[in-house]
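Sharing a structure with you now.
A, B, C, D and E label the chains in the order they appear, each numbered from 1.
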Amino acid sequence: MSEVVERILSNYAGENPGVIGNLRRLMHTGTLAGTGKMVILPVDQGFEHGPGRSFEPNPQGYDPEYHAYLAVKSGCNAYAAPLGFIEAVAHKHGGRLPLILKVNNSDLLAKTASPQSALTSSVEDALRLGCSAIGFTIYPGSAGRNEMYEQIRDMSREARKAGLPTIMWSYARGNMSKEGETGLDVIAYAAHIACQLGAHVVKVKPPTAHIEGDDRRKFYEKIPKDTLADRVRHVVKSCFDGKRIVIFSGGEPKTTADLLEEIRQLNAGGAFGSIMGRNAFQRPEAEAVKLLQDVMAIFKG
Amino acid sequence: MSEVVERILSNYAGENPGVIGNLRRLMHTGTLAGTGKMVILPVDQGFEHGPGRSFEPNPQGYDPEYHAYLAVKSGCNAYAAPLGFIEAVAHKHGGRLPLILKVNNSDLLAKTASPQSALTSSVEDALRLGCSAIGFTIYPGSAGRNEMYEQIRDMSREARKAGLPTIMWSYARGNMSKEGETGLDVIAYAAHIACQLGAHVVKVKPPTAHIEGDDRRKFYEKIPKDTLADRVRHVVKSCFDGKRIVIFSGGEPKTTADLLEEIRQLNAGGAFGSIMGRNAFQRPEAEAVKLLQDVMAIFKG
Amino acid sequence: MSEVVERILSNYAGENPGVIGNLRRLMHTGTLAGTGKMVILPVDQGFEHGPGRSFEPNPQGYDPEYHAYLAVKSGCNAYAAPLGFIEAVAHKHGGRLPLILKVNNSDLLAKTASPQSALTSSVEDALRLGCSAIGFTIYPGSAGRNEMYEQIRDMSREARKAGLPTIMWSYARGNMSKEGETGLDVIAYAAHIACQLGAHVVKVKPPTAHIEGDDRRKFYEKIPKDTLADRVRHVVKSCFDGKRIVIFSGGEPKTTADLLEEIRQLNAGGAFGSIMGRNAFQRPEAEAVKLLQDVMAIFKG
Amino acid sequence: MSEVVERILSNYAGENPGVIGNLRRLMHTGTLAGTGKMVILPVDQGFEHGPGRSFEPNPQGYDPEYHAYLAVKSGCNAYAAPLGFIEAVAHKHGGRLPLILKVNNSDLLAKTASPQSALTSSVEDALRLGCSAIGFTIYPGSAGRNEMYEQIRDMSREARKAGLPTIMWSYARGNMSKEGETGLDVIAYAAHIACQLGAHVVKVKPPTAHIEGDDRRKFYEKIPKDTLADRVRHVVKSCFDGKRIVIFSGGEPKTTADLLEEIRQLNAGGAFGSIMGRNAFQRPEAEAVKLLQDVMAIFKG
Amino acid sequence: MSEVVERILSNYAGENPGVIGNLRRLMHTGTLAGTGKMVILPVDQGFEHGPGRSFEPNPQGYDPEYHAYLAVKSGCNAYAAPLGFIEAVAHKHGGRLPLILKVNNSDLLAKTASPQSALTSSVEDALRLGCSAIGFTIYPGSAGRNEMYEQIRDMSREARKAGLPTIMWSYARGNMSKEGETGLDVIAYAAHIACQLGAHVVKVKPPTAHIEGDDRRKFYEKIPKDTLADRVRHVVKSCFDGKRIVIFSGGEPKTTADLLEEIRQLNAGGAFGSIMGRNAFQRPEAEAVKLLQDVMAIFKG
């Protein structure tokens, strides 16, 4: 039994044993098992950005089996993907590698009235496929906010009954400047909204020092924000004073050195882990495995 | 037992025996039985383009019986059509010719706010009529994307429970140039989205060398795209590295020579087959049968 | 037993005996019993155009009983009307005069975003009232197409389970010129769509020689369209090569001579009958009965 | 297309195309495809009599795969078994060998108040497993009659909606002498009841010349009953004058010569085929295949 | 990845990935992880025999936490118990120790008309509590057979949809002598029935050489039955020729030496493992842990 994991789970007292059990499972798998930290491999870029742009950098990625294999080989806590990719590997990996079904998705082909992902799978699918959680993207800032929040209200209620936690990708988008989307105030706000919507795990982008909201500016004057670690600390604080698990995406592809420095900052700031997709699967296999292991080593401390 | 068919089906491990059995049935009917290749006769042009334009070139086509007859006579794997046409032949052909119920359809009379087909029949209809699969059209790129993806999410879940696979017609349309609709990046993307939405069989148009998306252009520089075979190879790769069945439509009516050359390219590129409507039923019967048989001969290799 | 009726019904093989039985009942009532032809009296003009405009020409029409009486007296095959009118006569006429419940209706008071009738009654109502069929209006060409097609998909599925056939009023409207609404290509297309949606009986307006669609023009060059009979022949052909019952409305009020000439043309073109409302009930009773009998005499041949 | 099969199916006009299609599929599979005759391999003896007694005579039978293999190898029309045995082979054989899910079963361990099988699987299971029909045993004569008849009333209604025909095993049992169970009057009566309950295919035991019912004796005086062929003729006549498919079980294990003579009599009497379990799978493989092929040769005529 | 586990799972092809994943999880937990063997700790004796009789021998057993602790400490694959005991530990152990919810139970206080357990929890409970399977007891031989078989038919269908396998306790009881309950023919029959009812894992008692059924006696003459290993071999064969997982209970408390000899025989006969309750938790902790580890050592080989 891991004390640190149990301490984290104590913040979810009141959740049913199914949800708790699946959160525990996520934190008891892979290299970081028992540390209270997580590195998750997410692969929805094929859907979100198209197959060529996503997989041509490392063509192994065209094969859905590769990603599950990479997650296992590198010691990830879980693998997250849309319906099709999960269907392609669940039969083989279910019961060993925790699977997270991404139940909504967006693509670059269409331009919808406001940023809003389409529902692409269901809690019923997650159960049939033996998944350990559902994943859902919200776009705080979007004019389609109300519809999205109502969708996840309903889906997470259904998921909870089935013992499945909800992992929320929270990406501010819509009523703001481009740099505002990753501004510290916005990221912290988006993360907090996800927690308030009942997310068990929140995933946001690493915040910049930019402050978007005029109404919020003065409150951010005294908040340390020079280093990423500082900013991450504020985001973690915004997630119920660290009582909700918040993890950070790697974002745009970057050099290994930059990436590992970012991870060090995340770790220093108290992040619960990282969710790293493109930066992993777009590298050649050996390099990807090495990178993920190095990332885990940092979180392991 | 056909090894090649069983190898294809092994990529669908995890599906229930009803879905597997119907996919096997599709691949064990007609001239191409057991080859792992399919030629499907689809006749939704009456609905999509109007009866005069569709059937005047060969007036036998006004009679729904003609199409089922043509599918059987030429040795097709299956026949796909909207509700009315299936209702007109299911009683006579059910149990011999696999029928695919096209559950949504569009027509040229109306101009909807964004490209989106109407739901015109149901899984319950497919069962009542003894069909072996449902067919559904998505228009990636349409502003109505979210509604469409949610519709097929629900219908394919219901279909699966009843042991029916889902065949997805994926036609990018909406937020792009006219030539973009058949550009290689767009076709590959549309095919990949269908796979991620859980399609068991994907149908797209043959791609051109055009690249539509600026964000994708550089990734397509190194992908061979000079011949149709090259481009088809990329589309097949984009369908889970060939682990999902992807077939190609014949598109605009063309000369027999052009058509057969296209089929040769499809085959060389690794396509799982062809879905050929207008180019078949708009020709005189003898010519249509000959054409379909020639097409099958190419896929048979 | 009528051979011609049974031959027509054989085109509906696969339908359940309840649906077949009601179709047979429609074709075995009134003067045209057993001929395979039908003349139906529809009275939804009160709803569609308002009572004064509809019934002042012959004030007997204000009384719902009058229409059922007229249908019986003149020997019609059936009487079709909205909920209220059917409720007013079903108790007295059920079991003798086949009743068709018009389950959606439009009115001139409102102007909806796109042409679309309101659902005004249900299959449950049709059963409660002892009706022999439901009637539903679609407006192909309307931007509200998807909603309408989905409505009739669901209602006809429910009706079929209860043994009730669906009669579809198919009136193109919306994305076209005023004369396009009755153009030959449009009428044929609208009729074909109704058949594809699973209509057992289709009702359209008599087509003019106008061709609306540029994409269809060349296909209509060789189709004979000089006489109404020619044009009706094409519409019947467009209804599954005459395998679906298609009947024609009388349209705008006109002289008796014009009307009877029109009927002669319909009959010569292979129409299965006529559905005649205003031209009948807006005339004085004796004249109306005479007219309907003359119409039937033409169809009887 | 087989005229004889279509003539048989014409007796089921009014059934939906799904049911017709599955009946056609049963009659278009294996050696007897297209002859209108059927030989079905049923293996529920493991459940009904226990594994040792059922499979020790030929231990290949312990393996569920063996039975499906035997059915295919010998050219049977279909394979019928309880849930577990069907689950064990459906993934591999679905889409090629028609499977019949036996949805109720009895065993020799228990002694129930009156003869009545337990419901052991469902229409939903049949769809999930890709079956072509459900099988149900009734025991006319049992004090539990009402419950059984109501069960099959409900299950066959659900099956029909899903396009699945119902095959009824009709074994008189309960309120009669032991020899009465196979008496001509009882077998004919049990077969007739199954037809009246809506069975699409009826399975009974070969009748003896015994007459059980005093109230029926005089009516059987003039009915020829000396040969099995005579008696079978009366049973077939009792199944709606031959308008329902009735097949006969082989019953107790017997010598090959006796068995083939019985088949000749069944065929001479107009039986639609045979359902042969123990007599097939309890023989060594080569002998079983030979026997089944000899049986088929007789029915093929 | 364990080849032996994957080979066992291949016998369940056709099951959904959720069911497969949970079976894999059971076989990848504890000391026997990856060996294809299982030792499960079941504690329903409090319910079945009363607390004093069950827990006084080792009073630690009054505390539900003790059993989960014992299962983990000794390296069991899973822990099975009724609702209350699972509720008492699921929050703490979910996600690490696979839990099996026993959904029906019997007690010694009541005497029901025929042996039949009461439904005491549900699939919904199993999901809420994060269980990996449901457990259900059938009593083949009971006059209440039909009700029991129908209950498990419905519950296992619901469980499968949620990705949960069904473990069936099959105890013949009712229409037989006391020693018949563990006779070889009866145990094999009871195990076979469970498999036919769709059990994923079957649990029976070790069979004696007694043969209960007169109708089965002659078939058991040639079956080796001198040693327990011989008899277990026949039971495994009766479970679809070893294609279903069958495990054996320890039965009445006995000496450690006797118990380990029994396990050796089970293992020699091809049993997939053991389910050992009273013999474990009624011993003092250290002795119990030692015993379970010795048992596992035997199965590990």
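Please note the rule applied: a contact is a pair of C-beta atoms (placed from the backbone, for glycine too) under 8 Å apart; a residue touches a chain by one contact, two chains touch by 3 or more.
What you see is a predicted model, and the numbers here were worked out from it, not measured in a lab.
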Return the chains shared as contacts by chain D and chain E, ordered by label. B
Note, CA centroid farthest from chain C's centroid sits on chain E
Most distant chain from chain D by Cα centroid: A
Can you check whether chain A and chain E touch via the same residue numbers (shared by over half) or via different ones? same
Mind checking the centre-to-centre distance between chain A and chain D? Centres are C-alpha means, answer in whole Å. 57
How many angstrom lie between the centres of chain B and chain C, each centre taken as the mean Cα position? 35
Whole-angstrom distance, CA centroid of chain B to CA centroid of chain E, is 48
Cα centroid separation between chain B and chain D, in whole Å? 40
Junction residues of chain D, two or more chains touched: 16-17, 20, 87, 90-91, 124, 129
How are the chains arranged in terms of who touches whom: line, ring, star, complete or other? other
Return all touching chain pairs. A-B, A-E, B-C, B-D, B-E, C-D, D-E
Considering the complex alone, what residue numbers of chain B touch chain C? 46-47, 49-53, 55-57, 59, 62-64, 82-85, 87-88, 90-92, 105, 107-113, 116-122, 124-125, 129
Under the touch definition given earlier, write down the residues of chain E that touch chain B in their complex. 13-14, 16-17, 20
Residue ranges of chain D in contact with chain B within the complex: 16-25, 28, 87, 90-91, 93-96, 124, 127-130, 161-163
Note which residues of chain E are touching chain D in the complex, please. 11, 13-15, 140-143, 145-146, 148-150, 153-154, 157, 172, 174-176, 185-186, 188-190, 192-193, 195-199, 213, 215-216, 219-220, 222-223, 234, 237-238, 240-241, 243-244
